[in-house]
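Each of the two complexes below includes subunit A, the first together with subunit B, the second together with subunit C.
Up next, the complex of A and B:
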């Protein structure tokens, strides 16, 4: 098996709206930054993969516009996933593991500001039984939150603490959209208050993956992907136990997350209640730095927020702040799909 | 910011979907005020039913009828209903396990306020007056304090007269589209019957319409360049099928046109010349629609009368 690492990460400043920027305008500085960090030229990258969603822009094939930003002519080896960029990273990892590339550029972006994101996300639901009722993303998260409250796993004050801790951590994150004291606010959909919900915003992120000695040449302390896996659960919400996340647990197990403790965890939990579920299934103790970036509660550019969790975890390893980090990404309602990666830095004593 | 255009963008479509045997029976059943579930290999009754076992992926066909009464397994109070949702007054989203079912169905509960709702409360289906074979045939749930339905569902053939075999799910999403700086500048120039492109700072190519980036170099383009108005047909096709709602006689010619000074051809219709006399190298100029408030784009391009361009002058743009 090849060793594959995240060797560079960049993200935009996430903002409530970016009317003056097209998707490619939003993305290009991030691409230049991540390439600059490795001194690679776009045409030296072996494989490029992106994540985004047409429904955010309201236009078919919107990702093809963003391709201009990577210099896709003359032709490059390229692919796209219509979901969070974390899954694009998974595809790129497979491409490198199979020996078809030595380096990969993975990027993701989302502009939520043109539409009503609560309504837009209903279009990913079961089209026969659920989507015709237009249950918005906050409503579905609120059902999960109430299930947790009924089970005694949390209560409204505990959820408010989750929000406060994330946004306090985000004060050190210059890219975050919401930081510091954010009022708990009124109920958006009870039991969730505005403070329990992520900000709506626009943003982009990119990482570079590389194999073996290439990674060592490009980065002083590569964040080696020791394991990565993703799992999905039944789409019927009433079939699932919303207080549990067996898909996360299984992905974490396959990624080797339970073999040794991690010191950092970047969890993709756009709603406070989802962090409660994830901490539980991942068995994260108080000694683990959970979402030192502020997580998705501080900045939630849809389709990029999961990739950012991988990038933030890797960046802590690059900076020497972490030796073994867990990164998690989610997609779909109530943590339907989950991806877990375990990243490690080479020991300083090896 | 002020230089950026914005406009409403509505994405609206009637999504027609065919139903398999299980979904057809379930939705037809709702039309007939009958709630059906499907029994899995381990005996669990799934409501709403699916065609494949979520655990084993085995095919499921054993239909059963469950009660229209049930128990709330979790809920969320929605103080501000949104467009398309089942009720337009504040309501609770609920997952309801109907009596006889092993799983829960998502719907709305009509209740006076959040204090009137709790997990474990008993509810029953309120049927829609007009039912067509859709999940919305259940108008919502309502509180219910009568007798529970039987715990054991009864077998059902799933057969109805005039079964529903497909649904049409209308979707509408509203956006405010902003095309960004480069395309805004392009569209604004068109209002003055001018065409502007942008030059790449690295390879010096002029792109039109500009999208803010050079697809070869992957860098931002910013330097505006006015191109045209005349140009050269680089390639073309003859359209023989009349498009719906398009008031243009067929056959007509659609062409790639390299405007003078541009390094990328854009496309447009060619008129003012018989369709079978259009050729590569033909020199053309835009004809703007006279209609006030009409499209800012040229209506079509017509021959200028100049001699044809030499192939070498446009071969890179074909």
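Up next, the complex of A and C:
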């Protein structure tokens, strides 16, 4: 097994609207920042992979223009997942594991502001039986929240506490969109209140991966990927236990998350109730710093929010604030698909 | 530690047609996957991960359809990755799947690509105007026709070459039971008298819109040893990308295509592709791209590609058969078209291509491209395992 690490991370300031910016405009500063942190140029990177979704841009092949922002000439070795950038990072990690590349640039972006994101996400659902009914993303999350309440796993005040704690943590995060004392608000879809739901926003993020000594040369304290895995569940909500997340548990097992305790966890839980599910499945105690960035409740640029969890966890290790961190990303309604990575600083490995 | 060798042990396709009204998207992909599993002599439980690709989600109106397709593809409880690199996606998807095995992350992977174009309108899907961005208003044909014209002007190719390619590919398609267009009355005159769509591209020199799926089972050395049929071995694979538009971009022969081919040949130890490669499955959505890509891929010198086509070199019984399956010109479920090229190359070296088998094909190239001729993916497969 090659040792691969996240050596640099950059993100945009996430905002409700960025009408004045194209996707490339949104992405360029982030790409420059992450490359600048390592002094690498685009054509020195071994492999590039991105994550985004055409449906946010409202047009086919939207990522082809984003590539212009990379400065991809001379031609680069490059790929794209129509998923959250966390899965682009996974593809890039595999590429480095084959030995075909020593470094990788991973980026992701999403502009939710041009459309109605709750409506847009309904298009992810079974196109014949479910999507025509337009059940939106908040309504589906509310089903999951109600299932948790019915099972006695949480209640509305506890959910409000999750929201408050995340947004309080986000006060220290200059990139976050929603921070501090955010009111719980009225019910959006029972039992979820506006405060239980993520902000809608635009944003971008990028990381650089490197192997072995290259990583050590590029970063003082690389965040080594000790394990990374992702799993998917059935699509139909009727065949899933929404109070559980077996795919997260399986991914965590395969990533080695349960072998030793972690000190930090960055969870991609856009809804407060989803943090309850993930904490339980991952067995995170009160001694673990969960979402010190504020998580997706503070900023949820769709398709980048998962990659940001990996970046935030890595940045904690870079800064010496964490020795062993768990990062999680999700995709699909009600935590259908989940990715877990375990990151460690050098000292924790020795 | 060197990479794990990757073998193709199962291939499945659907019969490609204009509209599969009898199946859902899930039914369509499952049909191809089941055929690939049967070919490999494996069951769903043998599969460690699924890598799925297709072209834009707007073509079926489903955002990130892998979520909905997880059940149909036996992916529940497994890793599932969704690749999207425009028209090259079928090839890229196979390469991402191969990477999982080469890196020893997984041992046996199902990879699949599909398009069910009948559920939408590809022309519309490619023509949505967006602020800030260059609109692609006339679908793919309108974008590529000027580049074909540039090729003709640059090389002095006679305007008959395009119809020769179409005539050849449509005849080859008659030998391929899975091909979409089976025109039993095809003649060269018929191609030449078909309506002009985007000058110089005629109706019969244009790919159809197809519903279809293609699946492959990729596995490691141990998995290949258990395979009931001869595997195809991956000797080289690469992707290259360049921006859509930039000063100095050569749309006739993009640098990314040249670099991608050169990387694949280097990996496979090929010095003279024209002599050392026995069959080519090339992404030719408009007939003129055959001579163009012959040059771009190093099979002919610059300006000489059309001469190979004109001399019959690329015929199925020629010296360098191109698209013995009938190619994209006869079958185009867009997101699957690249994977079909990769799979057809593998069928050739497995000796399993049936009536469109090229005699003694031991090494074959699968090629795909996409976007504004900016994304390239290719692999070279052989009948023998790679050295080392």
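Throughout what follows, the second predicted complex is superposed on the first by the 347 of 350 C-alpha atoms of A that agree within 3 Å, B and C clash if a C-alpha of one lies under 4 Å from a C-alpha of the other, contacts with A are read in each partner's own complex, and residues count from 1 in each chain.
Everything that follows uses one rule, which is that a residue touches a chain if its C-beta (ideal position, glycine included) is under 8 Å from a C-beta of that chain, and two chains touch if they have at least 3 such contacts.
Just so it is clear, the model here is predicted, and its values are computed rather than measured.
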item	value
Subunit B versus subunit C as contact partner of A:3, first or second or both or neither	neither
Touching partner for A:128 - first (subunit B), second (subunit C), both, neither	both
Partner chain in contact with A:97 - subunit B first, subunit C second, else both or neither	second
Which of subunit B and subunit C A:75 touches, first, second, both or neither	second
Touching partner for A:234 - first (subunit B), second (subunit C), both, neither	both
Which superposed partner A:65 touches (first subunit B, second subunit C, both, neither)	both
Which superposed partner A:191 touches (first subunit B, second subunit C, both, neither)	first
Touched partner set for A:55, first subunit B, second subunit C, both or neither	both
First, second, both or neither for A:346, with subunit B first and subunit C second	neither
Set intersection of subunit A contacts, subunit C complex versus subunit B complex	22, 55, 57-59, 65, 67-68, 71-74, 120, 123, 127-128, 131, 234, 236
Touching residues on subunit C, where the partner in the complex is subunit A	1-3, 24-25, 55-71, 75-86, 92, 95-96, 99-100, 102-105, 119, 125-126, 128-134, 136, 238-246, 254-256, 259-260, 371-372, 374-375
Complex contacts: residues of subunit B adjacent to subunit A	1, 3-4, 6, 9, 11, 15, 17, 19, 23, 27, 46-48, 50, 54, 73-79, 82-86, 93, 95, 97, 103-108, 114, 119, 134-136, 167, 169, 171, 173-183, 211-220
In the complex, subunit A residues that touch subunit B	19-25, 28, 31-32, 42, 55, 57-59, 65, 67-74, 114-116, 118-120, 122-123, 127-136, 139-140, 142-147, 150, 187, 189-192, 234, 236-239, 242
Subunit A residues within the subunit C interface of the complex	22, 48, 53-55, 57-65, 67-68, 71-83, 87, 90-91, 94-95, 97-100, 120-121, 123-128, 131, 229-236, 246-247, 250, 331-333, 336-337
